[in-house]
Structure formats: structure tokens, C-alpha cells
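Note that chain A is present in both complexes that follow, paired respectively with chain B and with chain C.
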Partner chain A sequence: MTTATFRIWRGTGNEGSWEEYPVEISEGMVVLDAIHAIQTEHANDLAVRWNCKAGKCGSCSAEINGNPRLMCMTRMETIDTSQPVTVEPLRAFPRVRDLVTDVSVNFRMKKSVTPFTPRKPDAADGTWRMKQEDVDRVQEFRKCIECFLCQDVCHVLRDHHKHDEFIGPRHFVYNAALEMHPLDVADRTSDLKKRDGIGYCNITKCCTAVCPEHIKITDNAIIPLKERVVDEFYDPLTRLFRIFMPKKQEPAATPEEIGKVIDG
Partner chain B sequence: MSSYQTHEFDVLVIGAGGAGLRAAIEASGAGQSVGLVCKSLLGKAHTVMAEGGMAAAMGNSDDRDDWSTHFADTMRGGQYLNDWRMAELHAKEAPARVRELEAWGAVFDRTKDGKINQRNFGGHKYRRLAHVGDRTGLEMIRTLQDHGIHQGFEVFMEYTVVELLKDGDRIAGAFAYERNHGRFHLFKAKSVIIATGGVGRCYKITSNSWEGTGDGHALAYRAGATMRDMEFLQFHPTGMVWPPSVRGILVTEGVRGEGGILQNSEGRRFMFDDIPDAYTHQTADNEDEGWRYIIGDKEARRPPELLTRDHVARCIVREVREGRGSPHGGVFLNIHWIKEQLKDGSEHIKKKLPSMYHQFMELGGVDITKESMEVGPTTHYVMGGIQVDSETQMSIVPGLFAAGECAGGLHGANRLGGNSLSDLVVFGKRAGEYAAKYAADQSMPTIDAGRIEEIERHALRPFETDGDGENPFEIQHDLQNMMQERAGIVRTEENLSFALDALVGLRERASRASAYDNRDYNPGWHTALDLDNLLDVSEMIVRSAIERRESRGGHFHDDYPQKCEQHGTWNTVITMTGDGSMQRAEQQIPAIREDLQSIIEENQK
Partner chain C sequence: MTVSEVALPQQRKFGVTERRDNWWFKPLLVFLGFSAFIVYSTWAAFQGVNYFYGGLEQGGADYLSPFYSPLLWGEARAHPWIGVGTPSFWPEFLPFTPALLILWAPGGFRFTCYYYRGAYYKSFWMDPVNCSVGEPRKGYRGEQKLPLIMQNVHRYFLYLALAFIGILLFDAIKGFIFMNKDGTHSFGVGIGSIVMLLNAFFLSMYTCGCHSFRHMVGGRKDCGSCSGPCGSAYKAVSCLNGKHMMWAWISLFWVGFTDFYIRMCAAGHITDWRIF
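This part shows the complex of A and B:
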């Protein structure tokens, strides 16, 4: 068994300091295990979020040696332990305590997006039909576990603090999932351009690089959304290689029609 | 010292998993003001981890399926201790709840003709689980969350309820602290819905997160509700066993649904060696037939790996005990063998089981398209819970409702996989509807200020231990180890009595649990407060188990390894007596309606 030194940012709000703790490393251990060991042995008030311990809930985001990562999916074997291992809270959000940040802005950003709006049911049995190949792309976006690592790494939020003008990569993925949903008929392009700040994204792809769900955020979500915005606001004829076609304008299902879908 | 903020709602929902979210949507839709509190951030509840799918007899993948078969399967799986009316409502209403999720934006995997696809799962006669790869829970919780945030209820994230409040006999609200800064909050409400999920953290090896401390079970019990069937824990047969840091993390039954087989160290498919009588007529007797079932041959019967979880878990324990286990004390789960049957087998595995592929690759360094997984039982689900009215989900405490994993009844002695996600939305909706109706007829209750002071004082106690304080994490670990050893998958009279004594000592230590004096996001403090709930729930489990002198479903008693007919006529119930001690009794199962009995008999043929 080897011992590693962890340097952890400890403090309340912006007041705090780096503290060092020794941790014994055993086979298969992940960074979150080390944090728990520190909690049990040295500091039972060390604040950290976690739930699933298997990369499924997106709670345990932090910066490990400066890289935004899920602590539960970062194996100690992949880290150089000859140096102290630093663990600090996400930088794009206000600090609460130790490794916990206030990520509530993300929940507000999401709420501002026009929700799912299905078209009228059109299958004989009063529901809808969707082909698997037509939902593959949307399912890629719906894998998002809301870890907000992409938000953390994006310079528009991290360095320029444009939280009020830019909803960030996570919410472009959310928009894309809605816009490309075969049943959805709402149009979010104007919001994307005017309110959500999609123009600030200069396609650095840093968000894609950190996504633990391997969602191709930039190529599959942001670029097609940008194209849609361009189509709508500039010259629709110049776009030759559209990734997806503008939506047909269709009426949405009424609450009564939705009620019938449900009752079968 | 009293300082807290007061909030008033018609309906208060505690818990934001599938059950709580669905309840809040319904109650809000009925025009009541609704508050929703949860311990984690929105969208992180246990439901997010569910993998395999959601059971509903839609008949999309097999048109022979209908509600009556689903009902009969649920009752057989629960060994007939289920609340049969709940099992009936669940089977009838689940398809509508799946379609509802689709109408709210969920994107389930599709059949060739564009309908919602359904997969095989243990104990279900037909292909019945609507799913999204192996991340169905994520799809469910995200759909409810994204729909719910536009329904007008108010969400309090990272708030923990420490006690329920009453006004005379009826419910009056709840008292909570907010995790971020440790401040107290009083939630006054006309009705309260508990949707707090499970109790897995009573055990060392579990698929449950830190949240699964049985808070709702303990809160309701202390508020006077009746608990039922608490001896029935589900030990899921396939948890990861290696490396140690991931021990207990779930490997979805979907692996077996897609053709995964269980093998011992000799390479033998040991599940063929012991098939219970109730299932012989629907279980394959050779490997070829088992595979044909997997690929949808309607003439073929299910492979024995898809027997109910209680049985599969016990067979694994037997193999390990008799020395035929894997190197780290489990058995082998092999999905890569399907490459012999399918030429694009590797791709098929990655497509159908993407999270499992990643989970093993990243956490275990195992490529499941090439190597077998090592798996063993893990504490997964509690069948027992708050006893509720089958239609309305109200407990015996007026105005106190429960839904989801924390409510008892639907699953009897053993839950079928996939029956939980459907349970959450079927009964979450019902609880929301009836809690709203109830609230509409009530005035705002009065709160007893003295009681609040008492609760506050109790909650702050971990800051006031001087000198003799104990580390709450250590007490929690000791409790988990004790329960694992003494009240786990194989039980004996001796071990259970030992557990009962041990709990007394652990309670004494818990009263001395101490925390650093800083109320901002302080896990030591939070853990100290969770201990009361873990201890109450552990005691319910042990007291219920000790008196069930037979083996049935999730309860395996080594001194009484057979099922006993007489024991099949009652449910265990637990209540708190006037002096605060725990009392256990037997409650006769009401006679089943004749038409339902005929359905059961029809399906036994």
C-alpha cells in the first residue's frame, strides 16, 4: 500500500486555505474514496457532494490537479502521487464550503428554456411513432448527467462570468435535445440568439473534452444550433451542408389530446 | 434559541425521486400550493441510478401481455404477501404512466415499428420493461424534473427533514435544516407526502447512495404510522465485488435480460441446478431454449438466470459458500459469450448496455465484451415500508401519505425488477391526487412551539458533546458492518438476537455522536443526525426478521430454510408504543377478491 498526500481547498465562501492530508491508497481506489477516507479519519466536516459513486448522477464534480472531473470516476492509478494531489471546487460557481459550490444558476438557466412541446398525436392508436434512428441523436444529448463540468470549463462562464447572458454548453445540449426531438414543435432559435448568448461560443471544444458522458457537445449540439440561428436570421439559401433541417411549423398538441395519449 | 424560517403550503412533498416529483406535479395540477424538499440537488435522487427499465404491460414487444399477467407475476414474485389491490392498480395503471412520460418528453428505445420497446427481466413472463439503454432512471427523473419545474411548485434543494410535526392526531408539517448554512426551516402543511426512498445504508454492501438512510420510514414511524414487511430486503444478486472501492455498485439485471449467464469457478451454469417448483413450467431446461427466449422466440421459456432476485442471490451465496466462487468472493456474469450467437455481439453489448460497459471499463478495468464480470449480492431495495391505503396512499396518520420505495405493500416479500420505476409514478400520482384532495378540505394546522424547541435542541446536540464525543462516521460504519453480518442475506436466530442487543449499544454511542461546531455544509453533523433514522430502521428490520421463522422472498432464515404456509397468511407490522418502544405484531392478509384469485390460478398453469 502506498500513501498519497492530498491538498484540499478548505474554507467557507471565499475565505479559506489549502490543507494537506495523507491517504493510504489501495487497489482500484478513486479520488472520491480518498475524500471519504479524509472525512472519516481527519475532518468529518469536509464538505463534498456525491450520490451514486458510479458516474451516473453528476454530483461529485471538482477540479483534480486543475482538471474538471468526476471524483468518483477518477482512479488513483491514473494520477501521479509523487506530488501532492490537489482537489478544489469548481471555479465557475460561487463557493459554499470546501468542495461544494453554489450551482443553482444552472437550474435558473434551464427554467428559462421553452419546455418540450409535442405535436398532435398522429398514429392510429392516438399516440405517436418514432424511429430508433430518428431518436439516436436526441438520446445522446439525454445522457447528460448535469455534472456541470462543461459549464465549469467554458471560458465564457469561467473567465468572463457571463452567467446572465450565456446559458452555457449544458443548456445548449438541453436546447438541442428539445429542438431535435422528433415530436417537438416549439422554436427556440430567437431565444438562443438574443437571450441565451450562443454567439459567445467560439467553438473551442473545451466543453466536449471534459464531458464524462462523451457527448459531442460542440459538433453535435452547438454547431447545428448555430446553423439554425444563422438560417433563421441571415441568409437561408447559403447554407449547403445543414446538419438538420429547420423544423416544420406545426400546431402543438392540446392538453386534451395529451390526456388521450395517456389514457390510451 | 429558536430561530427558523416558516413556509406554508397546502401540500408538502418530502423527496424528489420519481415518486416525489410525480406527486408534486399532480398536487400542483390540482390547484394546491406545493412545496418539495430534498436532500440533494434536483435530479440526483436515487431514481437517477435506475438502469434496466420500467415494467408496464403495454404489449408492444409481445402482444400476449396484459395487466392481468403483470398482476399475477407481481403476486407470484412477492410470494403472495403483497397488498393485492395495490398490485392490481399498479398493473392496470403503469402503461398510462409510461405514455405520460413520453408525452412529457421522455425518449424510450423504440421497436422496429416505432413504438416504445420492451425488454426481458426476471420474473416477468413477457418482454415488459420500457427502457432507455441501461439508464432508464435518468430518463425518468430528467423528464419529471424538466416537466415539473414548469408546474408551479416550489423546490427546496439540499434541505433535510429531521422530524414531522402533528396537530393532535393529524399531520401539521415538517421541520428541516438547510445543508448549505445549517439554518432551520419550519414547513407548515395540511398534508405531507413522504417519498424518501430506501434504507440500503443500514448495510455495508449496498447499491444505495448516502441518501438511503431510511429517513421517511423513521419519520413516519415516529409520527405514529404503521410499518409493514420490514423483514423483506432485496439483496440484488449482481453487485460489483472488485475492486473494494466499488463493492456493492449495481450491475443491472438488464445484462441477464440481454443474454448474460451466471457461471461458477468451474464454468458451470449453476442456475440450472435449482429451479423452484413455482417456476419450473416457465423456465427453460436447456441452454439452447434459454437463448431462443432471449432473442424473442415465443415458444421458448425463460433462462434460469431470469428467476426472481431472491432466488438468484441465494444460489450465488450457495456457490460461494461451497467453494465454487470467483477470486474475490462472487461468481462470474458472462455476457461476452453472446458473440458466439451474434456476429456483431460486441457492438450489441455496447449499444444495449453502455453504462455497464463504461462502469466496468473505467472502475474495474474489465472489458465486458471480452471478459466476465465478478458479481455478488448487494443490498438494494426495501420491500417493507409505511403502510398505506391502497387507493389513496394515506397512512393511518390523517394527512400523512407515502409513495415510492418508502411505502410498503405492492411488492410483498420480493420485488420484481422494473416494478419500482412503475410503482413510483403510479402511486406518486395517486398520492399527489389524494393529498391535494385531503388538503382542500382542511384548515392550516397549528404548530406546537415547545415541540419545535425540543427538535432543535436534539438536532444541535452533536455540537455539544464535551470530551466523550464519538465520530459519527465510525458509528455508522460499525452499524453497517453489524447489520451486514447479523441481519444480511442469510439470517439465523442467534445472529438476529445478537443484532438486537448490539443496536442498544450503538444507540448509546449515537447519542454521543459529535461534530465540529460549524453549521455550514457539514457532513459530520448531517451523518450524526442520520444515525437516529438508521438505528430505528435497523431495529424494525431485526425485530420483524426474528419472528418470521420461515424463508420467503427477501427473508432467508437459515434455521428455517423452508417456506411455511401459515406464515403466508400474515404481514408483520411495526408501531411505536406510548413509551416510545417498538412493537411488532402480525396482521392477517385480507381475503383476495375472487376475480383476482382466478387470474392468479390461471397464470399458475
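This part shows the complex of A and C:
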């Protein structure tokens, strides 16, 4: 059993300071266990958001030694405890108290994205047919647990605070899941360029590096979406080509047609 | 999008971070690697000599430096495509070498490549210097506005790069044609032939793993199985794309080395060894 010193950001809003706490480290411990030990032994008013402790709810996001991580998935044996272990709240969102931040801006960003708009059903019973290989591509994006670590590490939000003009990596993943879905017929490229600010991404791949679900955010979501924006707005050849061979605009299913599936 | 009543944490100053690892090491390595290539390629482009090893005249094979291929204007013995010497439109006050006519195309392809963009924004522009490390500037325009919005021209450089691959492959094949003592030609393999073939191969792996190429061959379609060969091509390009950074570095190093090898042979510093 060894003792590690934890240096934790304590405070309300942006007012606060670093506080140090000793924690006994045992085999198999994760950072969230250490935070709970601090709550139990030293500071029972320490605010921390957590839920599943299995890396699936995305609640316990924080910056551990400067790296955005899930506290429940960061094992203590991977951390150098010869120096104090720093734990601070996410920096891309307003701080509420201690390690808790207000991530509600993400929910508003998500609401602004055009929702799933399926084509008309393939069968009379209101169902569709898709091949597994076509679903596989978007399946990667559905692994997202909305921990917002990618939003936190993205310097456009973190350092430049462009929350008004840029929806961030998480919501590009969400856009990609919809835009590349084989059934979806909505066109989000105009929104991606104008409202969602995809051009602000300068492909540093920090979002990919921190994703606990190992989604290749930059390569598989953001860059393909950037290419679709180029098709639509910056490529005169593609536009010329479209004059002669226009994109097929499939009609979307009506709520009644989709309702057949839901109602059974 | 209103964030909250509570203000966001202040932007950290340049280089300020809680990270404990050597976060500066990788950007520094990239900076040194790119700088070395830029210095060498600029020097080689302005040389204007020793870019062609006329091996056929000496019982060997002809090798043309990739920095000078396609040779539009140049030495007569290197069989330029258009003319010998300096083109008439070239301003007299500017130094001329054949590389200056063509290097903008592969240079532009690399400059606008998605991998290189991310790498040099970090290493040269420090925007950011590394993930969750403070930046030197407060303002930010990204690629949303001028001038970096021009990076969207990448796919046009891709079209040129694909043509260059064909030309370099043709040069590499010519590197396997050797002159016999009786004046006839036959198949042969020299160190230079292998160097040039590998150059074309590495550049193909890099170019065909390009994100724009991936989009072009099938990524733009939502239904891969409905797209026939596009679906298979997308899968193949995706495999290469997964290692795009690796191929970017290998091909960058090897194209420089190919020029260096041919330059050394042409200057007579080393003799091209015929293996077969």
C-alpha cells in the first residue's frame, strides 16, 4: 500500500484554489476510487459527477495531470505518484463547483442538428432493408458515450471559446452518424459549413486521442464531413458535374409511415 | 449558442499546462523533420544540375530525380518533354531550374494534406502546440475563413499528384532498362532502379491513402454495397488511410533520398551498382 498526494481544484465557478489530499493506493484502484476516498476521509463536500463506474455513462470526465480522461477508467498504476496527481474540472465548460462543470451547452448544440430523416420505407409494413456492411460505417459513431472529453480538448472551444460558432467534435460525430446513414435523406452540409463551423477544425486530432471509445473522430467523421462540404461549396468541378447529373433527392418518410413500425 | 451565466475558465498562456509528459517532444520532432526536408528540397530544386544520371551512355540505366520529373525543359540528354534549356517565358531576373516548374504541384499536395495540416499547425504555427497546452495567440480563424479556407483546394492537388505517380512509375520502369556493351538494351536491376521503384511505391501508398481520395472513390456514398466497385475501393483506401501518417513520412524521406542518390551518382561521387 502506497500513499499518493492528490491536488484537486476546489471552488465555485472560476473562484477557487488547489487543495492537496493524501490517499492510500491499493491494487486495482482507479482515480475515481481515490476521489471517493478523499470524499470519505477528508472532504465530504467535494463535488464530483459520476454514475456507472464502468466507462459507459460518460459522467466522470475530468483532467487528470492535464489530460482529459474518464476518472473511472484511469488506473492508478498508469499514473506517476511520485508527484502530486492533479485533478481538475473540464476547461471547455463553465465550472459549477469543484470537479463539476455545466455541460448543458452540448445538449443545446445537439438539438440544433437536423434529426434522423429516413427515406420512405422499403416494405409495406413500414420497415427498411439495409446490409450490415452499410450500417458498420455509422456504427462506430454510435459508440459515443457523450463524455465530452473531445469537446474539452478541442482548442476551438477550450481556448478560443467559439461555442457560438462551432459545435465541436462530439456533434460532428453525431452529424456523421446521421449524414452517412444509408437511410437518411436529409442534407446537413449547409448547416455544417455555416452554422456549425466545421471549417474551424484544424485537424489536430486531439479529439481522437482522448476518445475513451476509440472513435476515429477526425479521420472517419470530421474529414469526411469536410469533404462533403467541399463537394457542395468549394469544388467547381463537382458543382458542374451536378448540373448534368443532379443528386437524387429521395423523399423522406412521413411520420405516419414511420409510425407503422412504432405502432407495430 | 449561449454557454452559461458562469464565465468559462480563462485561456491559459502559451505553453502552460498540467501535463507531465514530454508534450513538446513530438511537435519538435515534426518541426525538425519538416524543416530538414524543406531545406534539402529547396537546395536541390535550385541546383539545376546533377538531377539526371545518364547511365545509358555508360552501360547503365537512366535515372531522373523525382524533384525534376516530369522534365519539361532541361538538359537535352535527359530528353525533356517540351524544350531544351530555359523556357522563353521565364523572366531573366529569376534563376531557372526545371524543378521550379513542377515542384509546386507535389508541394501543394503535401501542404494541403489533412495529415500535414494537423502536424504543421501544431509544430510550426503552435495552434495548439499540443493537446491541452496553452496557445500563443488569442484570435483564431481556423480554416473557416481566409487565408486557410484555401486548404479546400486539396482535391485538385490530389488529381495532379495522381498524374505525378504515373510519371514517376514510368521513370522507375525506365530505370530498369540497361545498355549492353553491344549497344542493345536489356532488362537490368541497379540500386538506383530499386530506389526509384520504391519511391514510386511509397508515393502511391501515401497518395492513395489520402482522405480526399477516400472520399472520391466511395466515401461520398452512404450505401457502400449499392455502389459496386466504389464500396470495395473505399475499403481498400480506408486501409491505407489508417496508416496515412506513416506513409506520409516514409514517402517524404524516400523522395528526398532518391534525389540524393541520383545526385550522388550524377556527380560521380558514387557508382550505381548493377545487381542483375
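Just so we're on the same page, the second predicted complex is superposed on the first by the 246 of 264 C-alpha atoms of A that agree within 3 Å, B and C clash if a C-alpha of one lies under 4 Å from a C-alpha of the other, contacts with A are read in each partner's own complex, and residues count from 1 in each chain.
As a convention for this text, a residue touches a chain if its C-beta (ideal position, glycine included) is under 8 Å from a C-beta of that chain, and two chains touch if they have at least 3 such contacts.
These figures come from a predicted structure and were not determined experimentally.
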For this session: Quick one: on chain A, after the overlay, do chain B and chain C clash, or do they fit? Just give me the call.
Result: fit
Problem set entry | Which of chain B and chain C A:Asn65 touches, first, second, both or neither | second
Exercise. Between chain B (first) and chain C (second), which does A:Ser190 come into contact with in this model arrangement: first, second, both, or neither?
Worked result: neither
Exercise. Where does A:Gly199 make contact in the superposed view: on chain B (first), on chain C (second), on both, or on neither?
Worked result: second
Exercise. Between chain B (first) and chain C (second), which does A:Val105 come into contact with in this model arrangement: first, second, both, or neither?
Worked result: second
For this session: Identify the partner contact of A:Thr40: answer first if only chain B is touched, second if only chain C is, both if each is, neither if none is.
Result: first
Exercise. Which holds for A:Thr254: it touches chain B only (first), chain C only (second), both, or neither?
Worked result: neither
For this session: Examine A:Arg97 and indicate which partner it touches, taking first as chain B and second as chain C; both and neither are also allowed.
Result: first
Exercise. With the two structures laid over each other on chain A, which partner does A:His181 touch: chain B (first), chain C (second), both, or neither?
Worked result: both
For this session: Figure out whether A:Lys131 sits in contact with chain B (first) or chain C (second), or with both, or with neither.
Result: both
Problem set entry | Overlay on shared chain A, then closest C-alpha pair between chain B and chain C (Å) | 12
Problem set entry | On chain A, positions contacted by chain B and by chain C | 96, 102, 104, 131, 181, 184
Seminar exercise, completed: chain C partner, complex, touching residues on chain A are 13-14, 63, 65-68, 80, 83, 86, 88, 91-96, 102, 104-105, 108-109, 112, 131, 133-134, 137, 153, 155-156, 158-165, 167, 179-182, 184, 197-206, 209-210, 218-219, 223-224, 226-228, 230-231, 234-235
Seminar exercise, completed: Per the touch rule, the chain A residues reaching chain B in their complex are 12, 26-30, 33, 39-40, 43-59, 73, 75, 96-98, 100, 102-104, 107, 110-111, 115-116, 118, 123, 127-132, 135, 138-139, 142-143, 145-146, 178, 181, 184, 253, 258, 261-264
Exercise. Which residues of chain C touch chain A in the complex?
Worked result: 1-12, 17-20, 114-115, 117-118, 121-122, 127-128, 131-132, 134-135, 138-140, 142-145, 148-149, 152-155, 211-212, 214-215, 219-220, 222-226, 231, 241-242, 244
For this session: Can you check the complex and tell me which residues of chain B touch chain A?
Result: 40-46, 48-49, 95-96, 99-100, 102-105, 107, 109-110, 113-115, 132-133, 135, 138-139, 142, 146-147, 149-150, 157, 180, 209-211, 242-246, 249-250, 355, 358-359, 362-365, 471-474, 477, 515-516, 518, 520-525, 527
